[in-house]
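Here's the structure, in structure tokens; my notes come after.
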Amino acid sequence: MVRFVDKGTRVLVQGITGTQGRFHTRLMLEYGTKIVAGVTPGRGRGEVEGVPVFDTVFEALEEADPEASIMFVPAPQAKEAALEAIEAGLNPIVIITEGVPIKDSIEIIARARRRGITIIGPNTPGIIRVGECKLGIMPSGVFRKGRVGIVSRSGTLTYEVAAQITRAGLGESTCIGIGGDPVVGLDFVDVLRCFQEDGETEAVVLIGEIGGDAEERAAAFISEGGFTKPTVAYIAGRTAIPGRRMGHAGAIVEGNMGTAEGKMEALRSAGVHVGSLPGEVAKALKRMMG
Amino acid sequence: MVRFVDKGTRVLVQGITGTQGRFHTRLMLEYGTKIVAGVTPGRGRGEVEGVPVFDTVFEALEEADPEASIMFVPAPQAKEAALEAIEAGLNPIVIITEGVPIKDSIEIIARARRRGITIIGPNTPGIIRVGECKLGIMPSGVFRKGRVGIVSRSGTLTYEVAAQITRAGLGESTCIGIGGDPVVGLDFVDVLRCFQEDGETEAVVLIGEIGGDAEERAAAFISEGGFTKPTVAYIAGRTAIPGRRMGHAGAIVEGNMGTAEGKMEALRSAGVHVGSLPGEVAKALKRMMG
Amino acid sequence: MKLLEYEAKEVFRGFGIPVPRGKVAESVEEAIRVAEMIGGQVVIKAQVPVGGRGKAGGILLAETPEKAGEAAARLLASGVRGIKVRRVLVEERLKIEKELYLGFTVDRRYRTYVILASCEGGVDIEEVASRTPEKIIKQYVDPIEGFRPYHARWVARRLGFSGGLMMKLSEIAMRLYNLGVEADAEILEINPLALVGEDFVAADARLNIDDNALFRHGNLLQSYGGGELEGLSEVEREARRLGLTYVELDGDIGIIGNGAGLTMATLDTVTLYGGRPRNFLDLGGGAPPERVEQAVTFLLNDKRIKVLLVNILGGITRCDEIAKGIVNARLKAGVTKPIVVRLSGTNEEEGIRILREGGMEVMGTMEEAAERSVLLAGGR
Amino acid sequence: MKLLEYEAKEVFRGFGIPVPRGKVAESVEEAIRVAEMIGGQVVIKAQVPVGGRGKAGGILLAETPEKAGEAAARLLASGVRGIKVRRVLVEERLKIEKELYLGFTVDRRYRTYVILASCEGGVDIEEVASRTPEKIIKQYVDPIEGFRPYHARWVARRLGFSGGLMMKLSEIAMRLYNLGVEADAEILEINPLALVGEDFVAADARLNIDDNALFRHGNLLQSYGGGELEGLSEVEREARRLGLTYVELDGDIGIIGNGAGLTMATLDTVTLYGGRPRNFLDLGGGAPPERVEQAVTFLLNDKRIKVLLVNILGGITRCDEIAKGIVNARLKAGVTKPIVVRLSGTNEEEGIRILREGGMEVMGTMEEAAERSVLLAGGR
């Protein structure tokens, strides 16, 4: 699936009755997302922003026929909620929740894979298909329909870069946050594969950070010719101290693995323009896209 | 797979160094079964009856390339041994072991199914393809190559019936014990389906007993035309008391479910000849097969 | 292993399934003390391993501790369906608003567990199933995914509950499943699961554990299962002590076979010829000679047996050794009742010779052996 | 949460992983007593949350209890890599025949656990991995099937063991995995796993628990983790007390951002402009105004900070409220050091007005804000 979601995607909101769930349901509806149902166990038969709420995903499935899910469920309940969505066959499942234990993420992702279901997140701002629909919490004001695809491990840093791209007069096609945790459903390569196929995306911005080797693998994928569109990258965390965690569990330099310099070097070798400052990203894109 | 095993099947014996394992390895080899390896954790690097013994199935796989497995592993270890064979892709896996907890059988069978692997048993005498190979503990002397297929939930009762068929001048193609436990890998319908396709099998004997509804489902399958060859059945346990267990966990009449009379009636309605005495089976077959 | 109600309820407590306040009592005094402790109306329930206790008079009500004592006295002095009552469970009387059924069992066909639920609780669930199958909710469990909280909520929703009651009911269903799996239950039932105010309480409890799994439940084995013996006759207890797979029947022909199927077939054949089997005794496949000797001795000592029929299909076992076992048993027992033997397998001829010399009648087939036994026992 | 060695070994014991006889001591007297209890030669190990203790002089040997006391005194009086030693672990000295490595960690790429094993134990495993990758055995775990006894045996076989040693080693690998999964370990290492006679003993132990999973490990939280604080400076402890996500650095520009990526980028930008960040402080996405106020106050009170840079990308949050928070913090703190703010989101204009009126410098982009901060701090 190249697009993950589009204007027609019927969306379920899990954890719709919580503060975050309610708030972002409103914003997503305002953006045009087709939210057809919500679920909060024990709170069924109500509504939120005009969206019917059910006790179980199975009921929502029978009554409202959702196709995809976005989750605002508290971390301790996230695993069961995700497994429920997986069993119901919802796809993709966007897990906004922060603080999901790694063990739970591993199980969620493994079970989703067996069913061919895409997990976006956890700990992600979500996905926005600019001008069509948003399954996420990103401020929609920073985006404007255009031809730049964004894939990122970060939240606010993505908004920063997107705002600059928009201000530069370009614009975005789709922006996907893969999530800041060490274990997430999508990695850069998965998303690059999609952007390669996506006719609406002309160039791509990759926003990485220290920790793991997702950026290095993306670089290898690009080197091998798997992704051929113009790409600009920004990697956060050059000032990080090895062994110290920066903000979230994903951003940690382990041994001499996953340093910002190593990632930048790998991407540069793959022919990717790597910005030293977030502000350079939009400038480089502008040059590339003429 | 119609045949499950044949002369060429390369067989692994799990639990080969135990008394039962050793004894039946010898008898199976004598019968012509191509046993290529044995496994007993911690006892690797030895041999039994000239068969090399390994510590793990993975090693046996690398060194001796078995295709199917027969297990003589004690009940408490049966689950892990079976899962190891499943992960190694061995097929079928014949579980001779008696006394496997139902919970373990459920897990073994579920995992085997996901891999498309056939489990025969547990608590089965195994399978014999008469004149070719035996993955089991049945006394081979009672069989003679012929055209009668036998499928049974019982052990010794099967030998009894087979001996009579042989004595009547007929003979057997394949004899499969599906196992006497409430939860087993194959049921009558699965085996009837195979016998239907098996050119070497002309008529079938079905040996059932009280408990469950496997015989009723076989009857329904025959009624619906799923199996069309001449069939003779014998059902043990007419004297059983509801709620009392006769010998093994499978043989129990629960409520008014699974009585011998009910099963006999269902089979008769499906056009199956049902013998009142084991001795009638061979006679009926002789009449049918001319 | 079948647990008694009070034992099952103890296990329930450990898994967080609410049960009524109460305690088991083995004497009238104890029953009074428990009733005093509980206060108010109580129920006194005979602890015997049989179903349908209510109809059989095994469950009584009492308004006061004194009356509870009287009820306990009545139960402890009597029997329920022929089984002596050694213990009673004294429990608070619940103000039941609704009775549900919740069960966990093994589905042979789908080779998995199934959770059963119904709004028709407190009655025979098999009757509900055959009369109004639509009133039984079945949730089959994927053995790899497991029964999960959302399945439990789905069950509760389909029973018609919502909000807080749905959450509570699903929590109990979840615990029922966890108990079932962790304790290797074959059958686990709460019937009725009582709605009392805003809470659910397991008013009754049934828990049968897979005997094959007892090796990993040493704790349960140690604490429970004594009640199971209470349902057994003297001779059955003795058989169990000897580790024999034995079921008592009311005829006069003693039967020994090896393998459950063969033994059942032997019983059936005897019955078909007009005889009345005294028992089912399965030696298991490939029984060693000592085992055969032990089983023969055991049945020879049963005075209700007129004739003994031994049907051994040795297969790979050596028949001469088995024959010696049978002859020895008879010699040692010093009992002269007739023994009819059917023996087949390795060294068959030698075995038959030994048996005949020892005064046994040896027949070639199961049918002949059965027919001969019936004749010796006096025919139909 | 990082456990200290002696804490990890306690957890190991609970999971049946053999560890040397020994006990933690907080004083010289205690250390002597433990050494006496053990008898013979002992090892005294500083309990500090850093690697490479051996090279840093944090591990000493002693022949007698007296010498053990002296060694303990030496360690307790000193520090290892700048961290004060509050406790030492006194253990029997093992007669090690072979040192293995056994580890459990998360593989990000395959999104699962991996069991790592090597015959090159007792040394830096990352060095082994880069120098001789063929000496590292990796067993990836299918998260649904789990790591099973036969996988463990397979690992042990590939390490070259057979027979009884293979069984023992695989048992330990199995327990390591069970511990890892049950305790939500991120990293779990036994390095070295010592072969002593015919047994394996975990000579060292490392256990880091996933902080996100601590909600289900109340018991571990209660008993352990105190050692983690020992690696922290005063200011880091204070940050932790306030629940701030803070990392101390050695510069003079205080930095607050929201979101780990944005905050890291802010640090990087400041560094790129020649400035030296004093810290990393991430408020998290969508931080409420009170949180901003608290963080600003915290950094204003840090005397090593010359300039404070606040970079908030409010997005959906209201900027006017955040602006008020910053102004309030400064007023209350009564500290006049310069604050450079970059603020973006809903009600941005109003927010900027409030900040400017409050005497803050407000910049339009992160780059401008960083540049300005570096200038105010004295430039490069």
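Order as written gives the chain letters A, B, C and D; numbering starts at 1 within each chain.
Rule of thumb we're sticking to: a contact is a pair of C-beta atoms (placed from the backbone, for glycine too) under 8 Å apart; a residue touches a chain by one contact, two chains touch by 3 or more.
Because the structure is predicted, anything quoted here is derived from the model rather than measured.
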{"item": "More contacts between chains, B-C or B-D", "value": "B-C"}
{"item": "CA centroid of subunit A to CA centroid of subunit C, Å", "value": "56"}
{"item": "Chain centre separation in whole Å, for subunit C relative to subunit B (CA means)", "value": "27"}
{"item": "Sequence positions of subunit D contacting 2 or more other chains", "value": "144"}
{"item": "Of all residues in subunit A, the ones touching two or more other chains", "value": "111"}
{"item": "Arrangement of touching chains [line / ring / star / complete / other]", "value": "ring"}
{"item": "Touching pairs - complete list by chain label", "value": "A-C, A-D, B-C, B-D"}
{"item": "Complex contact set, residues of subunit B against subunit D", "value": "41-45, 55-59, 80-81, 83-84, 87, 111"}
{"item": "In the complex with subunit B, residue positions of subunit D that touch it", "value": "145, 148-150, 153-154, 157, 162-164, 166-167, 170"}
{"item": "Interface residues, subunit B side, partner subunit C - complex", "value": "23, 27, 75-76, 98-107, 109-111, 114, 125, 137-139, 142, 152-160, 163-164, 180, 182-185, 187, 207, 209-210, 212-214, 217, 234, 236-241, 244-251, 255-257, 260, 276-279"}
{"item": "For the subunit D and subunit A complex, residues of the former touching the latter", "value": "106, 108-109, 111-113, 126, 142-144, 181, 184, 186, 210-213, 215-216, 245, 247, 249, 257-265, 267-272, 277, 280, 282, 284-286, 313-316, 344-346, 365-367"}
